[in-house]
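The following pair of complexes shares a single chain, chain A, combined with chain B in the former and chain C in the latter.
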Partner chain A sequence: MFVFLARRLMSGFVLVAVVGSLTFVTMSLSGTDPVRNLLGENATQEQVDARAAQLGLDRPLPERYLDWAVSAVQGDLGTSWVNNASVSQVIGQRLPVSLSLVIASTLVTALVSVALGIAAAVRKGFLDRLVQVLAVAGYALPNFWVALVLVSFFAISLRLLPATGYTPLTTDPGKWALGLVLPVAALAIGTIASTTQQVRAATVDVLEHDFVRTLRSRGLPSRSIVGVHVLRNAAGPALTVLSLQFVALLAGTVVIERVFALPGVGSMVVSSATAGDLPMVLGIVTVMVVVVVVVNLLVDVATGWLNPKVRAR
Partner chain B sequence: MTPKSQPGLGRRLLRNPLAVGSVTVLLAIVLAALLAPVLTSWDPSQASAREILLPPGGEHLLGTDSAGRDILARLLHGTRFTLLGAVLVIGVAFVIAVPAGMIAGYFGGRIDAALSWISDLLMSIPNLVIVLAFITVLGPRTTIVMLIFGVLFAPGTYRLTRSATRAVRRELYIDAAQVSGLSDLRIIRRHVLRRVRSPLMIQASIAAGVAIVLQSSLDFLGVGDPRDPRWGQMINDAFLNIYRAPLMILWPGLAIGITVAALALLGSALRDEIEATSSRRGRSARVRPQAKPTDPAEGLLTIRGLRIAYGEVEVVHGVDLSVQPGEVLGVVGESGSGKSQTLFAALGLLSPGGRITEGAAWVDGQPVAWPGSPDSAVTALRGRTIGYVPQEPMANLDPSFTVGHQLVEPLRHHLKLSRSQARLRALELLKRVGIPDPERTFSAYPHQISGGMAQRVLIAGAISCSPRLLVADEPTTALDVTVQAEVLELLRGIQKDEGMGMIVITHNLGVVADICDRVAVMQNGQVVENGSVRDVFARPQHSYTKMLLASTLEGAASRVQLDSEAAR
Partner chain C sequence: MFHRPGRPRRPLLITVLAVSALALSACSGSSGGSGSGGTSDKTDLNLAVGVPLSGFSPQVIGDGYALQWMQAAYDTLTFAEADGTYSPMLATQWEYDDSQTKLTLDLRADVKFSDGTALDAEAVKKSLEATRDSAGGSASALAAIDEVTALDADTVELELKAPDPSLIRSLSQVAGMIANPKSVGTDALDAAPDGSGPYTLDADASVAGTSYVLQKKDDYWNTDLSLPFQKITIQSMPDQSAVLNALLSGQVDSSFIVSSNAEQATAQGLTVTQYSAPGAVGLYLWDRDGKIVPELKDVRVRQAINHAIDREALLTGVRAGHGTVTEQLFRPDWDSSDEALNASYSFDPAKAKALLKEAGYEDGFTVEILQNAAMPENDLVAQMLADVGITVKWKPTTNIVPDIQSGDTGLSIFQLASQAEWQLVTAFLLPNSPWNPLKSTDPQVEQLIEQAQQAGDDAARSAALKELNTYLVEQAWFAPFYFLTGNYASTNGVTVQAPYINVPAIYDFQLG
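Let's look at the complex of A and B:
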């Protein structure tokens, strides 16, 4: 178990380093183009050069990279090109918003998909067909469109829930939760659709194992066979699927945060990208990859703990 | 498996309503894209300050947007960009991923490890965020953005190709092809490509849908190319005017929804047809449920006129069997003769898709299984009255739970024992089945014990609630020869001690001679001979029994004899 974790931890570090470096290098290779984007089409070459020099872009790439990497490891992701704010600070303020959105969506996805997926696999018939239809619907409707429909219905027509905005958890937990209902619903519908399909497939797979027949031959009630044995054996594959969905949900914040005007890193990356704020975008990419690596590590620990063969090692 | 004997995939798809429907919709969408200038006379980019946000109807069939542009025209022209984008993404993804997946799957080793690592790396990056990062640097250039999406889409296709290739690689004919001197490239082209084609078709239709959604997301965010009409941009425009013209959000959403759903349904129809053989078998035949049989039956277990079907295929054709208390019945026959299915049916343990179509089974004179019988008719008897010992010991223990847990569970359920009582009883049982260190085995996981041990554990589980009938399905087949004798000895000992009735399913007449009182010989889903072991062995009546006996005693020579007899 220890060796297994150590290896995963190592590969996580490598992943962060590689993605961070690759992004930095690819983005820096385009020379002063970003500065032109930053200043707009009408800027003169002199203005562009002056600004580039001011931002330190005239230094050689390896030097800039080393600078960036060394401070990044210390938690300093540089300053914004647009308003000189500290990238780390901005991300520090905005990350909790995105994380509450993504974690809540992941939990909702996990609960609903596991319940629906197992039920569809065990009960078959109508429920199974319903799940398949929902899967196609959830997959075909873009989450931002679902979000808009939810807003126009629940927030504008019925005035039941806040349409936009975010209340920090520490200010008012009730309002925090209410504000997350619609964004989480919009974000989770797509992932629920695909996760349910995969949980269903994993459950069907477990049900075909010989040991399920033997358990039934022992006269155990089917609710305990499904609730204990099938659930436990399908949990590994389900967790793997969820860890992939987490990445998709993180990407989804980019769109959903814009619809609901949530001050998270997702909406930040959009505005930074349109403004040409390279350090901010780079910082957000790096932090998101770190988040993904941490989540993958947690999932690895959980899967390892669920699998006696790995645990015994 | 590629079903070669069936009609071609294309023709089968033509008979699948889902496939025909989704292809029709997709064709209509492609036509709409091609004929956009013919279908509407409005210019999608022509703004008009006087015709802002007109409702549907009149000159503008679907109304106008916030710049006074015709919505229908933008929708139709937008189709072109949507489809082009999707084709580009899929194209790039396939060009990268298919060769990479084939190389990784075919050669394995380091190159596989390296490619798979890159694929995992790409999968752990949130795709929209990375694309936005590139847009920061490159500006909103659609083609480049789609190329990057293509790269980010490659892992899914890569994994699929890789695993399909590995599956083909493991098959023997590839080795044969290699030995016969075909180059790797030719083998990949001739054998591997053919097999990965179908899964890739499914993947393409699904990935195209995802690509369309992602592309619209970017357009929605306003980072797409602003010059062209885009579905995503239309949703954005609707979003900005949601209070003034709420209906506007409907059209582009429907366009995306219908296109992506058609692609998804095409993918699922493809999957159905490609995997047709397996799914058809799984579809169970309709059985008219019959009333609970009322005729009496003697003996511990009685089976009368039992017929079992999987789908349309009948596998057991009217079987009669019975066991008296304390008696050992052997059911002999080759694999596929229906011996296991017959007893599974009596225990209510048929695999999904299997049904009793006629006949019934009784335990202690109580009907337990008949056509359409509820599971409840037999659940109460399983474990308590009937114990079951399976064939493959390792596959029949749940790998995620300790041996102890699996023994304790039924004890607590049936005998209502406390946790510690059940534990003591389980340890006794482990000792009873000859396990040297019960404490250790109790807390071991199935992968930590040997096959012989596992079979002893399963026997312990089967007898844990003192059943009066033990059904053992090929209890020794999967074991080493030395262990076989011990397990057989154990079964016979337990049967004698407890005075249980026992049914041993086997293909081995040696086992029958060893421990059975009576024997039923099954062939092709029927009982062809039934009698005391002594009688059947001494005076076999049916030619199949004779062949079985002869092949056991004298080897293969007699098979020739039998064939010549049959030919006469």
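Let's look at the complex of A and C:
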């Protein structure tokens, strides 16, 4: 288990380093003059040059990269070029918003799709067909459209839930939860659809195994066969899919945070990229990759716990 | 077996639903109350803006929506009234000398910053000089200032390099905002304001880059201003559907909305105030000297382009009719604008072809235009030009502004805002103007500008500018299409005055 974990950690580090470097290089070589972009159309060339020197942009690229990487490893992600805010601080303020959204969506996805997927696989017949049709439909609907429909019904017509905005968990847990209902529903509908299909397929697959028939012949109640043995065997593939969905959800926050005006990192990365705020984009991308690596690591550990065969590899 | 235990759970489920429905109706009840009920108890104002919240430094901020949070935190030297006149604010009175190059301002003696520092002549000098020398969006508005002198504690003298007819106006905007001299030039203003304005930033309640929460000061000096709100929240909402949803659900009291949402907003009970957006959409013909596109040197080619455009068709086709067609860049509400000029270039492809033939381009020509992805006019304009023999070759770009300003394009489909006549002159028409990228000159244009600049009074200046406007239309320096209609929506009993420019001042929001 230790070797397994160590290997996964190593590949995680490599991934973070590669993505960080790629972001740095592509943004630095994008061909636009970042300082001109920052200062706007009325700045003179002297002002542009002075600001470039102040930001250290007159130094060679490898040197700037090394500087950034060394501070980043020590937890200092630099300061924004646009408003001088500390990147780590901004991410610290905004990451909880995006993580609330993504973790809640993942949990909802896991619960709903396991329930629907197993029910469809076990009950078969009409329920199965209904779940499959709904899954295809749910997968095909764009999440921003779902978001707009949900808002116009639940927030504007019924005024049951807030249309936009975020309340921190520490300020008011009730408002925090209410504010997350619509964004989570909009974000999770696609992942629920595809995960349900996966869980259903995995369950159908396991149900056909010989050991299930043996268990049945021994008179075990159907509930315990499905609830314990089938679920445990189907959980491996489902977990893998879920960890991939986590990444998809993280990417989905970019759109959903805009539609619901949530102050998360997803909306921030878009506005920072448009403004040419290199340190902010780099910081957010790096932190997002770290989150993905950590989640994958946890999923690997969970899979290993569920299935000893994985650990041996 | 598997499904049977489900049955006894049903009552519990119903209880849960009932409880949550109660909880939800309780909170919807309260929000409905504040939404439609008495406006008298409303003490907070929630605004949404489409731009990022870019801090509080007058040395950084230019015109635009930032004006709203800047006005909450700072006072300006002069005060822009809705009718286009200027009243005292920090300056109690001001006077030009005969040469119009020396402006003397008398300051109020009783205004202090939050830390007790006096807002005196030295503070004004420091702020104005810092803004002028900055790389920020308001620097150009003060570019004419040569020297600021503090004559005594409450008198400053601005010495100008040349007369600047828009200076009094500039001093009523961000350019005329005075920050605490202790903070000017430091990074502190990026995070929080340090001004003498009616509100202070509640940093704990604000979220960096997302919302500013501003609390009213108890002892604000200017009691003449009607400021009904104890708390103002300004949120950045880049997505227009989020803005509309927030307005419809009552979370936001007032905001700019896009024209395509205006009908729905009105139908669903929002108050929509319309105004004319400040800059004309059009084909800006930069290359009147024919440096890149030799054909444009001939005035008949520029006139042919004007005749080739079906402005009404464009307006209905791509802007759903939300605007007013124009053939001049000067706004209809300026004295120098002339309605008669809008009959100069009727849509007439035959005449356009004839003009091109006269100019020696009977077979037409090909022209390269930077493809400004933000403009929905592109394809239709290319079609209209093709119909008279001008073939458009699109050149993709991701940085339209620097690409135009570096002077490597002869013409662009664009929209540029000018807040005032003199600003239009300095931004577009002078050889060193930022929006005269190919440095076109014309002795007649220069002479009329000079005449307007040296004019002794407003009437004489207007006359000169009107002549200038007429000349520019005749010479077809531009091919403007239309001024778009802007829409400002409000709800919850908040009223907003139609903004003269595209942004209502923070003082323009009132109750009932």
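Convention: the second predicted complex is superposed on the first by the 287 of 313 C-alpha atoms of A that agree within 3 Å, B and C clash if a C-alpha of one lies under 4 Å from a C-alpha of the other, contacts with A are read in each partner's own complex, and residues count from 1 in each chain.
In this section, contacts are C-beta pairs under 8 Å (C-beta built on N, C-alpha and C of every residue); 3 or more make two chains touch, one makes a residue touch a chain.
Since the structure is predicted, the reported quantities are computational estimates derived from the model, not experimental observations.
Contacts of A:V285 after superposition on the shared chain: chain B is touched, whereas chain C is not.
Of the two partner chains placed around the shared chain by superposition, neither chain B nor chain C is touched by A:V25. When the two complexes are overlaid on their common chain A, residue A:P221 makes contact with chain B and with chain C alike. In the superposition on chain A, contact of A:R258 is made with both chain B and chain C.
Looking at the shared chain after the overlay, A:W145 reaches chain B, while chain C stays out of its contact range. Within the superposed three-chain model, A:L107 lies out of touch with both chain B and chain C [touch as defined at top].
More chain A residues lie in contact with B than with the other chain of the pair chain B and chain C. Within the superposed three-chain model, A:V82 lies in touch with chain C and out of touch with chain B [touch as defined at top].
Look at A:L61: by the touch rule set out above, it reaches neither chain B nor chain C. After overlaying the two complexes on the shared chain, residue contacts for A:I156 are found with chain B and with chain C alike.
Chain A residues in contact with chain B (one complex) as well as with chain C (other complex) are 33, 37, 148, 151-152, 156, 221-222, 258-259, 270.
Across the complex, chain A meets chain B through its residues 15, 18-19, 23, 26-27, 30, 33-34, 37, 132, 136-137, 139-145, 148-149, 151-152, 156, 207-211, 213-222, 224, 229, 232-233, 244, 247-248, 250-252, 254-255, 258-259, 266, 269-270, 272-274, 276-278, 281-282, 284-285, 288-289, 292-293, 296, 306-309, 312. Within the complex formed with chain C, the chain A residues making contact are 32-33, 36-37, 39-44, 47-48, 51, 82-85, 89-90, 93, 122-123, 148, 151-152, 155-156, 158-165, 178, 221-223, 226, 258-261, 263, 267-268, 270-271, 275. Those residues of chain C that touch chain A in the shared complex are 1-3, 24-25, 27-28, 31-32, 35, 48, 52, 54-55, 62, 134-137, 139-140, 187, 190-191, 207-211, 235, 237-239, 241-242, 245-246, 248-252, 268, 398-399, 401-402, 405, 434.
Interface of chain B with chain A (complex): residues 121, 123-130, 132-139, 209-210, 213, 216-217, 220-223, 232, 235, 238-239, 242-243, 246, 249, 252-253, 256-261, 264-265, 268, 344, 347-349, 351-352, 375, 379-384, 386-388, 390-392, 395-401, 406, 409-410, 413-414, 445, 447-448, 458, 461-462, 464-465.
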